[in-house]
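Read the structure below first, then the notes.
Letters A, B, C and D mark the chains in the order given here, with residues in each chain numbered from 1 onward.
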Amino acid sequence: MSLLALEDVRGGYGEVDVLNGVSLTVGEGEIVVVIGPNGAGKSTAMKAVTGLVNVRGGRIVFAGEDITGARTDAVARRRVCYVPQEKNVFPSLTVEENLEMGAYLRRDDFGRELAAVFDLFPPLKDKRRQPAGSLSGGQRQMVAMGRALMLQPRLLLLDEPTAGLSPKFREMIFERIQAINRTGVSVLLVEQNAREALGIAARGYVLVMGRNRHEGSGALLLADREVATMFLGG
Amino acid sequence: MDIVQAILYGLILSSIFALGAVGVSLIFGILRFAHFAHGDMVTLGAYLALAVVTLGQVSVWLALPVAVLVTAGAAIAVDHVVYRRLRRTRPVILFLASVGVAFVLRNLVLGIWGPQNLVYEPGIKLPMQFAGLRLKIDQLVIIVASIALISGLALFLRMTKIGKAMRAMSDDPDLARVSGIDTDAVVRWTWVLGGALAATAGVFHALDTRLQPTLGWDLLLGFFAAAILGGIGRPMGAIAGALVIGLASELSTLFLPPVYRSAVAFVLMIAVLLIRPTGIFAEARR
Amino acid sequence: MESLLGFGIFFVSFAGIYAILALGLNVQWGYTGLFNIGIAAFFAVGAYTAAILTTPESPNHLGGFGLPMIAGFVVAMLVAAVLALAIGLITLRLREDYLAIASIGLAEIVRLVLKNEEWLTNGTRGITAIPRPTSVTFFVIVAVAVLVTYWLVERARRSPWGRTVRAVREQEQAALAAGKNVVRFRLEAFVFGSALMGLAGALYAHFQGFVGPEAFEPMFGTFIVWVMLIAGGSGNNRGALVGAFLVWGLYAVTGFVATLVPPEFATQASAARVVLVGVLLIVVLLYRPEGLLPESRRVGPGPD
Amino acid sequence: MNGAERSQSATPILVVDGIELRFGGIRALDGVNLEVGRGSITALIGPNGAGKTTLFGVIAGFLRPSRGRVVLGGEDVTGLAPPRLFARGLMRTFQIPAVYERMTVLDNLLMVPGPQAGENLLTAVFASRAVNREEKAFRERAERVIAFLDLAPVRDNYAGQLSGGQKKLLELGRVMMTDSKVVLLDEPGAGVNPTLMKKLTDSIRRLNAEWGYTFLIIEHDMDLVAALCDPVIVMAEGKVLAQGPMASVRANDAVREAYLGSRSVAERVVAGP
C-alpha cells in the first residue's frame, strides 16, 4: 500500500478550480517528482495535501487514513511536512527559532534533530542566532527544509526547492534530498528543473491543465519527446 | 525644573500608552486588523476593577488581577462571537465590526456606572516631594509595574513556545499552520495578552486620574499613534513609539494649553508618516 | 393629528440631514473605498461655518456677519472641502488604514477646538441665535438639498468618473497601469464627499438654531452614519437614503420608548439606544454585509 | 508599421540599459540589457526567480531601479510613474490577472481609455452632452473588443466571476482599448485551456499585425513562445543570458543549463538525450 494517494482530486482557491482530477501516489521510502508547465496545478496539488486548498472532489489518503479536507495543523500532526516555494521561513525569527517551530508539535527533546539539521546544512550553524529574513535565498531554503525535518517527517513535500538558486546550490539541494530520503523519509517533489529532479526520482508525474498527462519512471519520462517539448519546445 | 517634571509625567503617560499600544500591535500582527475597541477594553478593565473594589471591599491592587482575568475572558468571548466569523472577509470589515464593539462596550459601562467621574478610593493622596519634583506612590508603581509587565511580555515572546508561535504566526500564518501550530490557540493567547494589558492600562490610568466612560477612548489615538510609530505589527517597536508620544504630549503642555495634549500625539504621528510611512522604529522590509 | 404631522416633518427633516451625510460617505467609501471615520469633523466644520456667518454680532464668539443662509451653505461646503483637501493630500497616497487614523484624529482635534477656542465658538456653551426658518420652510429646504445631492452623486456615479473611482477601489495597481492618476481620483472623491458633509452641517445648524460640541461626538457625528450606509447598502445611493431613514427611524422610536422610562434611568436608556445601534451594525456585518440594497451592477450613462 | 517589417526595424522602441535592483540584500536584477524591436513580439523567458516580473515592474514604473536606464521611443523614461508611462504608450498586464472584480466586463473595458472628458468630475456631472458623445465612441470600441474576444456572453457579468482564462482575455481586451505602442504581457498563457489559448495567440498575432502593437511577453509555455515570438530573450539570476531566434536560444548551452539544471547530477543517474 502506498503512503500517500491522491485520487482524482479537484479543487482550487476561492471559486476557481485549478485541479481538474489529479491522481498520484507516493510509496514508502520513495522520491516522487511532479513536473509540468507553470499553472498546471503542481503546487496546488501539493497544497491540497496540506489542507491549504479547498478540495471539492476526490480523496486524499495518507497511511490508510482519509485526510481530505483535514485542518492544516492536523496534517502536520501526521508528520507530513510541507516546504512552500516562497515565504518558507519566518523572517523575523532566528534560524534556531525557525527550526524550533518545525518541532512545535513535539513534546520530547529534539536536540538530536537540531544537530542533524546542522550536520546536513553546516552554514546554518554559524547563523543560528540571525533572523532568517537576513539570509540569502539558498540559506533560506536550507532553513525551510531544516524546519520540516525537525518533526521527523514520514513524508516531505517540497515545492520547487531549487527555484531561483544558482547551479551550485541546486546541485547541493538535490544531493541533500537524496540524503534525507536515504534515512527513510518519503519525498514528494515539485520541480521546474525537470531533468535533475527526474534524475533523483523513482517515479514522476507530468501535470498539464490540472490533470495527469504522463507518469512513469524518471528515465522513461526523460526520454519522452513530449515532456522534452514541454520544457524546451523540442 | 518644569521640564523634568513634565518628563516625569510623560513617563507615566508613556507607560500607559505602551501597555495599550503593545496590545494593538500584537493584535494587528496576528489578526491583521486595527482593533478599534481596544480603548474601550481599557475602560472595561478599569471599571471591572472598580466593581471588585466596591463589591469585595478590597484594595485596587487586589482587584487588578480579577479585572485582568475577566477582561481577557471578555476579549476571547467577543472574538468568538464577532471577529472569528469575519476572519475571511477584508480587514476593513473587521475594523468596522470593532467600531461596533467599541460603542457597545462603552455604553454598557455608561449604562451600568453612569457618566460621572469615579475613583477607586476617596481622599487625596499627597505626592512625595524630592528635589522639587512631585510624584505619587501610585505613579511610581505605575511606571515600575509597566516596565516589569512589558519586559515580561518581551521575555514571553522570546522564550516560551507559545510566544514564539505568536511571532511565527505574525510573520506568516500559513507557514505557521504548516508547522503544526494551532493558530486558534495563538489567537486566544493574543486576546488574553491584549486584554490583560488593556485592563492593566485602564486600572493604572484610572488610578492616576479618575474613572470615566471615555477613559479608554481618550487614550485610543495615543495607542494607535504609538503602534504606528513603532511599525504596526511589531509589539516591541510600540514601546519606543509610546515613549515618543507620551513624552511629546506632556512636554507640549509647556507651551500649549493642556487640552491639546492628545492632538499633539496625532499631529506628531502624521508628521512622521509623511517622512517615513512605515514608522520610525520599523526596519525597512521588502 | 397636527402634532403627528409636526413630528413627521421634524423627523423627515432630521433624517434628511443624515441622508446627505450618508450620501457623502457613499461617495468616499461606497464608490472609492476611502475609509473616513472622521465624518464628524466635516459635519462640525460645516455647522460652525454656517453658524458664524449667519448669526448677528455676539461678544461671545467670532461672528456678526449676518449673511443669508445660502451664503452659509456655500461657504460651509467650501471650508469642509478645503479641510478635506489638506488631510487628503497628506494621507491619500499612504496605506488605507492611515486615512482612517488621520481622519479620526482630525475629528478629535476639531472637537477639541470647538470646545476650547471660546473666541471662535463660544466653547461648550455653543453658538445660539442661528436663523431658523419655520419647520415647513426648513422641510422644503432639506427636501431640495437631499434631492439635489442625490442627483449630483447619482450622476457622478454613472459617469466615467464614477467608473474610474470604482476601478481605483477595486484594483489600484491595474488602474495605475491603465494610466489613471489614482491619488487625484481619491482626492476628488474625498473632497466631494466631505463638501456634502459640510452642507449637512450647515443644514443642521439652521435646523437646531444652535450648535454645540456634543452634537459632533463620534457617535452622532460619525458612527451612526456608517451604520446607515452599511445597513442600507454601500455603493448604492438609494441604499444610503433607505439606511439613513431606517436607522434614524429606529433611533427615534427607541427615543420615544426612552421617554417612558423614569428620569432616574435616563442615562441607562440612552446608553441602551447606542448599544442597540452598535449591535445592529455587528449583526448587519455578520449576516448581510452588502446591506439591504446591494451595489447595482449596471452603471454608466444612457438608458438604464 | 505592421508585422511584416518586425525585427528589421532599425531603432528599437524599448531599450533597457544596465538595470540593477536590490531588495534588501538580494540583487534581483543584476545589470539587465535588452532591446525590443519596433513591431516585434519579443519573448522574455527564464526559470522562476530569474527576475522577469521584477524587470516588468521596473519598465512600467512600479519599481525604481537602483541603477540603469529605461528608454522608450528614444526618450529616457526611467523612474516615471505608471500613469505617465501609460500616457507615452506603455501598457502592462499582471501575472495574476488584475481585473476590477466588482465591475462588469464592459465597465472593465470602458475605464481604460484616458484621459476621458467624463473623468473630470465637473464635466461628468454638468456637461453630459460632450461626455455622452465621447462615451458613445468608447462603447462602440468596447463592443468591438468584446466581439473580437468572444466575451459577449459575459459582457454584463462581474469580472470577478470570470474563469482564469477569460480574465486573461479581458486583460488583452483592456490592451485593445488603448492605442499603446508597447504592451508588456506577464504570462498570458498561464492557466488557460487549449481552446482559449488558441484564441489568445491568434488575438496577440492579429493585434501585432493589424493594430501595430509591439509585445514583450513573459511566458513559460514554450509552445506558445515558439509559435508566436521572435526574438526570444532568456534571463537567469537577474541577467540576460542569451537572445535571438528560438532555434539559436534552444541550442545555447548556457540556456539549457539554466533551464534544465546542471547536467552533472542528472547524468550520474541517467544519461541525457
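Definition applied: a residue touches a chain if its C-beta (ideal position, glycine included) is under 8 Å from a C-beta of that chain, and two chains touch if they have at least 3 such contacts.
Everything numeric in this text was worked out from a predicted model, so none of it was measured.
Shared contact partners of chain A and chain C, listed by label: B, D. Among the other chains, the CA centroid farthest from that of chain C is the one of A. Of the two chain pairs considered here, B-C and A-B, the higher C-beta contact count falls to B-C. Computed from the mean C-alpha positions, the centre of chain B lies at a distance of 30 Å from the centre of chain C. Separating the centre of chain A from that of chain B, both taken as means of CA atoms, is a distance of 42 Å.
Mean C-alpha positions place chain C and chain D at a centre distance of 44 Å. The centroid of the Cα atoms in chain B and the matching centroid in chain D are 48 Å apart. In chain B, the residues that reach two or more other chains under the touch definition are 285. Chain contacts: chain D has residues 24 touching two or more partner chains. Residues of chain B that touch chain C in their complex: 34, 82, 85-86, 89, 91-93, 95-97, 99-104, 106-108, 110-111, 114-115, 217, 221, 224-225, 228, 257, 259-260, 262-263, 266-267, 269-270, 273-274, 277.
The touching residues of chain C, counted against chain B in their complex, run 35, 37, 90-91, 94-98, 100-102, 104-105, 108-109, 112, 115-116, 218-219, 223, 226-227, 230, 267-268, 271-272, 274-275, 277-279, 281-282, 285-286, 289. For chain D in complex with chain A, the residues that touch the partner chain are 24-26, 47-50, 161, 163-164, 187, 189-194, 220-223, 225-226, 237, 246, 250, 256-257, 259-270, 272-273. By the touch rule above, chain D contacts chain C in their complex via residues 60, 62, 81-83, 86-87, 91-94, 98-104, 106-108, 110-112, 114-121, 124-125, 128, 131-132, 135, 156, 158, 174, 178. Against chain A, the residues of chain B that register as touching in their complex are 161, 164-165, 167-168, 170-172, 174-183, 285.
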